[in-house]
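Given below, in the form of structure tokens, are the structures.
Okay, so subunit A shows up in both of these, paired with subunit B first and subunit C after.
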Partner chain A sequence: MKPNAASSITKGKMSNESYISLFMIVVLIAFFGIACLFVPNFYLPQNMINILTSFWYIIILGIGVTFLLITGNFDMSVSGVIAMTGVLAAYFCQPLSQSGDAASEMFSGLGMPYWLAVIAAMACAVLIGAVNAFFIARLKVASIIITLGTMSVSRGIGMFIAQGAQRNMNLPDEFKVLGTSYLPNTSIPLSVVIMVVLVIIAVIIEKKTVFGRRTYLIGANIKAAELCGVKVAKHLTYLYLFSAFLAGITGILIASNYIGGSAGRAQGYEFDALVVTLLGGTSINGGFGSVLGTVVGALILSVVTSAATGLLLSPDWQYILKGTVTFLAILAQRFALDKRAK
Partner chain B sequence: MGEATTENVLEIRNLVKDFPGIRAVNDVSFDIKRNTIHCLVGENGAGKSTLIRILTGATARTDGKIYLNGKEYCAANTKDAKEKGISTLFQELNVVDQLTVEENLTLGVEDTTFGFLKKTDKIKRIVSVLNSLDPSIDPKQPVSALSVAKKQIVEIAKAVASESDIIIMDEPTAALSENEINRLFEIIRNLHEKNVTVIYISHRLDEIFQIGDYVTVMRDGRHIATKPLAEVKDRSELVKLMIGKTVFEMYHPKDIESEEKILEVKHLSNHKLNDISFDVKKGEIVGFYGLVGAGKTELARAIFGADEYRGEILFKGKKLQRTPHKAIEAGIALVPEERRTQGLFTILTIRGNIPVMNMKKISRNGFINSAKERKATLDYIDKLRIATSGTEKEVSKLSGGNQQKVVFSKCLFADSDLLLLDEPTRGIDVGAKSEIYGIIRQLSKEGKSIMIFSSELPEIVNICDNIFLLYDGSIKANIKNGADIDTEMIVHTVTGGN
Partner chain C sequence: MNITEKELIKRNIDKKNRTKSVIKKFYIYFVLLIIVILFSAVFTKTELFGRGNFLSIDNIINMLRMSVPIITLSGGFTLLMIAGSIDLSVGSEMSLSAVVFAYLILNGFSFLATFLIIVVLGILMGVINGYLVMKLRITPVIATLVTLNLYKGIARLMVPQGLLSIKSTATQAMPAWINDYGRKDVILGLPWAFIVAVVVIIALVIIQRKTIIGKYAAAIGGNRTAAELSGINAVKWVWIIFIIVGFLAALAGMARASYMSVGDPLSGSGMELNCIIAVLLGGTAFTGGEGSVIKTIIGALIIMCVTTGLMTVIPAYWQTFATGCVLIIAVVLNQLLAQEKVKA
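And then the complex of A and B:
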């Protein structure tokens, strides 16, 4: 029962999590290097800033998706929630109807002040999270089914309120402030600052709190977690509310950026958020992963997309490229982990 | 050992199976005679199931030889075993409920033309086998409409039709009524006419006498005896072979006995348990002994609030609330039956496992104090002598005994006054076992109460002050431990004897 000599040096050995994070950072740098060789002007500072900042919305969504995936659950509803929240925020603060005829309906809403409209729209977003939580945490239905359902329902609500189009008329001036402001004297959007703050908070929760620790316990072994006194249903409920809240924030920011709420917004974002989470090393089986990894994953996706644009590939090619890179990166990750285990 | 003969359908020679830290099958050799019903008995952990798993190809042997019909036999998986002539009737039946009896019988052996099923003589033959076993089963009816007993008969028919030499039956009567058992036995007895040998495993010793021709007894991974059942006097002779000589010198009665009741269980019943009442006193080690399915795990889980129940449980005089979370808060901890699937977070580190039942001790306002966490982990690694290179080692990389020490550390860290230990030493080696017994005694000296739920008799009689015998969800007897403890009576009781 003596520890053998080979394993007695583990003290200086890094954890699997740091190993994968480091591995994905290497992949990121490699992709960046390759892109610099082939794409003109890829190395320019402005392009780098674009790469770092352009995927802020995927990163915000990725935070919630990462926490849930660590517990072994999915949240595919985020894209629908973004569309719904954007439309609702616009609808809530459009002025009350004057004439009442059908044509003016797209010009008028509930007449709330903008701040109240934001709060109300966020409340609706969180409500979708509550529906997810009820079915998944309490009734124990498979999360992928439920959240695909609520994705459709929430986008459907957006469609209904925006009558299949978008609400961008008669909006108060404040509507565009959040999404179109920059840090003074820089080209860094306020949305990116919000993303950075959210990432910092998420990393602290993940690494330093009991809540974060319990998230891993649930994913590592849900039965054992229950027998260790973790209130699993309650915990998952908080996480779904949190994820919907983040999607709501994203919805408000995107709507503000486009100065209007569109029911068709954010198609496929749920998939991108899941992809960057997986790229960042979070295990699809749960119990393993990190928010910082997800950020790295988003940057990889950003480099690839940006390189594809730089190479003037048509959008149809971009999808194939994105998919291929995702496969390769995840395969490489699996390979690295297996090799390490030997 | 001699050459393989046609008289023996199966010959096992010097079979060995090692698991990390434990030898589950230790140099086992015996023969099984053709067209007999050969029973296999032994306590839990005796090595029966490992032996069967080797025969069915579910696990690979470490060493030794097996001859089937005189030819060397080795199965890669259950399908391979079946093709070579060994079929198994698992406790979890292998039938497809949605299909008809006939479709089930021919599943996997159908003849097809361009992918379309063909009616062939083969199907007629298989159906006729079923008919000869039990004419009351209509081949056209869906399997979902059959009782468990009839489903078993369908499976037996399938095995017979595929010309199996041997059918292994693992506790086939566990879910059957008395009438069904008699019917099944009749069929099993007639199987020799169809050139089939039966290996029959059961904890119910009376059944062994009813049906068996030969019996093989195993204990601690070793082969103890194989003899015709006609030569076995009575069940107590069998019991003696099963338990061997139990060593008692390890048990020391307590000097002082507390009268303070810490746990009072009153008329506890649920799907498995039947009106269970007892008390546990402060500092007492109480043992619950019974076979698999007697209700030990269910009792532990009910007290811990993990399963539902009717009745009342008082802990320290107060009614216990029924969730694990509340039980832990009140001062109860559970070492669950299966450490890998219920007790541990194997992909996390030792540091990630030990503090989880009492995060308050290492955190403030929800924020974890890493220094305290590391210190607590090191303390327990030291205290329970967990063999590891450090706090950051993944638990999956530890040996079974050290994993179990991590589970214990987790429960001790919760500062509980009552510990529920479900099979606390299952699958760990002798050294780690005695260390764990040492920990249990030490805890009892410190005034903690301990309940041990075990199917290993030596464990129960060596450390428990007070022993309850469970059979079929009820307490059948309560014995104070002492010098005059009658182990034969105990085994007699838990195997259903009066």
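And then the complex of A and C:
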């Protein structure tokens, strides 16, 4: 009997997605085990908490990227949106300048109260998402290119407002609250709690709602989705707005953590988010994937990075290690899927 | 003679399609012309062709010298995209070649020896990329992202601790002739690297239009299954194109290192983005199957004009924004022109 998709569905009771997620969890445990052997003190609880929480921002970004990748689209603009939102949030709530001279450029802004600055910055982030959606959903332009373009545009806006430097003067006290609060009696930052909440919401949307099922349908066969009455353009618009919204939240939290907005932040986060999504089993062609897989992928990356730091490797070696591990994991995934289809 | 209504409509659509294809063929030259005129008229106050003007000889020569890496590279990149693949690691390939070049020259290797080693390096990088994409069947985007990081990492490792790039130090001086390849003028003020780039372009145009590499690339990019069923060994031919791209990236890195006299592991960053913009401006479809090397080169020249022209006018922190806008405009233009409305 020739192997095909139908036979793999009837053979096992698990969906392909769950199988891959399970497989990647096994990979995660394997990597963790290897790391424990080589890195001193890897299995300490403090280290475990560190691994689980250090990549919270990638996971938040990964939610948006996963949904979009399932539909077969990319969103590379997230890192630029993070930088832009951070800078804008700082700019909006810096006090109005007293004098008119240029020296106080970096010290003054629009003087809004903090909550208003956050809302305004988030609105700008969502605007970038709307631009993405316009070009990709409406004009049907290739998503990877457009989002690379909007990444440059949004980062450029951030660079312009920060004039290549940082905006971290005269910020109101509330600015640092979000990013530096911890759960009482633990060292778990508020950002991680927000991440967990967002992941739960995302999983519910993905598994239980019609919106989630439609996302998979668009990715699997866009023509079929259109013929079934799914308004693809509208759906993609929602996804891009959502992804930009997530990037905006991350931007606010990171800016709050650093107590300042800088245009150079978050470099490379979009690739990390993509790698993590792919590690989690999401297919690059769409139609297949899950948010939980992405979370597992992020944990794998976290274990590897943590191990590399623990082994006191130079940053350059860490780079190579990250690339090699990603590569091996994806090869393993491909191998597992091929085997299952037989 | 009776012309039915259907026939009239068909003739109209044919005429529209023909006009569209004519526009498609020539718009890129038009755009280049407009940009050049714009920059020379708006941003300068001196007379045309005079000193200080955008179109002055000095400026043109300078621009052409700086554009050597991208025009060397983007022709091969076009060929790869015609074949339906992509190589996002070209920037890192370039950086690695630049670093190796500087390292070898600094340590006393002759130009010929260095050149041969760089060529071998480029071919090797292309072989690796081709293997990952064609043999292991990993999606080109992922595979070349992996090699991007791999080559970048190796390049960074080669720079001794504490330095940012390979250059003259207190103990070892970089020989002055390192500049000869990329800077010293040989003809009309243009260096050897430029001549090499021109030879490369001519070779690629011939390859793309006249040889089977070009034809097979278009076939594989258009419909890989059909091409394979027709007897074309897709794996072998696309692998060859990856090797060509690696080779060209190595040449580009050498040119850049020679021009700047340093081996900078960051020198090629973002080059893949510029290549993509050049290819899209040149009208090559992103999905492959068709494309033109010459038009991509014009696209690359447009990018160089825009970036060098803007450098004098806008401050550095505007440039990321500008690059992004140019990219978006380029890809939208490409999309609009690539769609042919055929209402049958």
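In this section, the second predicted complex is superposed on the first by the 330 of 342 C-alpha atoms of A that agree within 3 Å, B and C clash if a C-alpha of one lies under 4 Å from a C-alpha of the other, contacts with A are read in each partner's own complex, and residues count from 1 in each chain.
Everything that follows uses one rule, which is that contacts are C-beta pairs under 8 Å (C-beta built on N, C-alpha and C of every residue); 3 or more make two chains touch, one makes a residue touch a chain.
Keep in mind that this is a model prediction, so the values were computed, not measured.
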First, second, both or neither for A:F160, with subunit B first and subunit C second: second
Which of subunit B and subunit C A:R334 touches, first, second, both or neither: second
Touching partner for A:R213 - first (subunit B), second (subunit C), both, neither: first
Contacts of A:I146 with subunit B and subunit C, given as first, second, both or neither: second
Touched subunit A residues, subunit B compared with subunit C: C
Partner chain in contact with A:L227 - subunit B first, subunit C second, else both or neither: first
Touched partner set for A:G287, first subunit B, second subunit C, both or neither: first
Footprint overlap on subunit A, where subunit B in one structure and subunit C in the other make contact: none
Sites on subunit A touched by subunit C in the complex: 135, 139-142, 144-146, 148-157, 159-160, 162-164, 263, 271, 274-275, 278, 284-285, 316-317, 319-320, 322-324, 326-327, 330-331, 334
Subunit C residues touching subunit A - in the complex, by the definition given at the top: 136-139, 141-142, 145-147, 149-150, 152-154, 156-157, 273, 276, 280, 286, 315-325, 327-328, 331-332, 335-336
Residues of subunit B that touch subunit A when the two form their complex: 21, 304, 306, 324-325, 327-329, 334, 336, 341-349, 352, 356-357, 359, 363, 366-368, 387-390, 392-394, 397, 399, 401-402, 410, 431-432
Subunit B-touching residues of subunit A, taken from the complex the two chains share: 1-3, 7-11, 13, 15-16, 208-211, 213-214, 216-217, 220-221, 223-231, 287-288
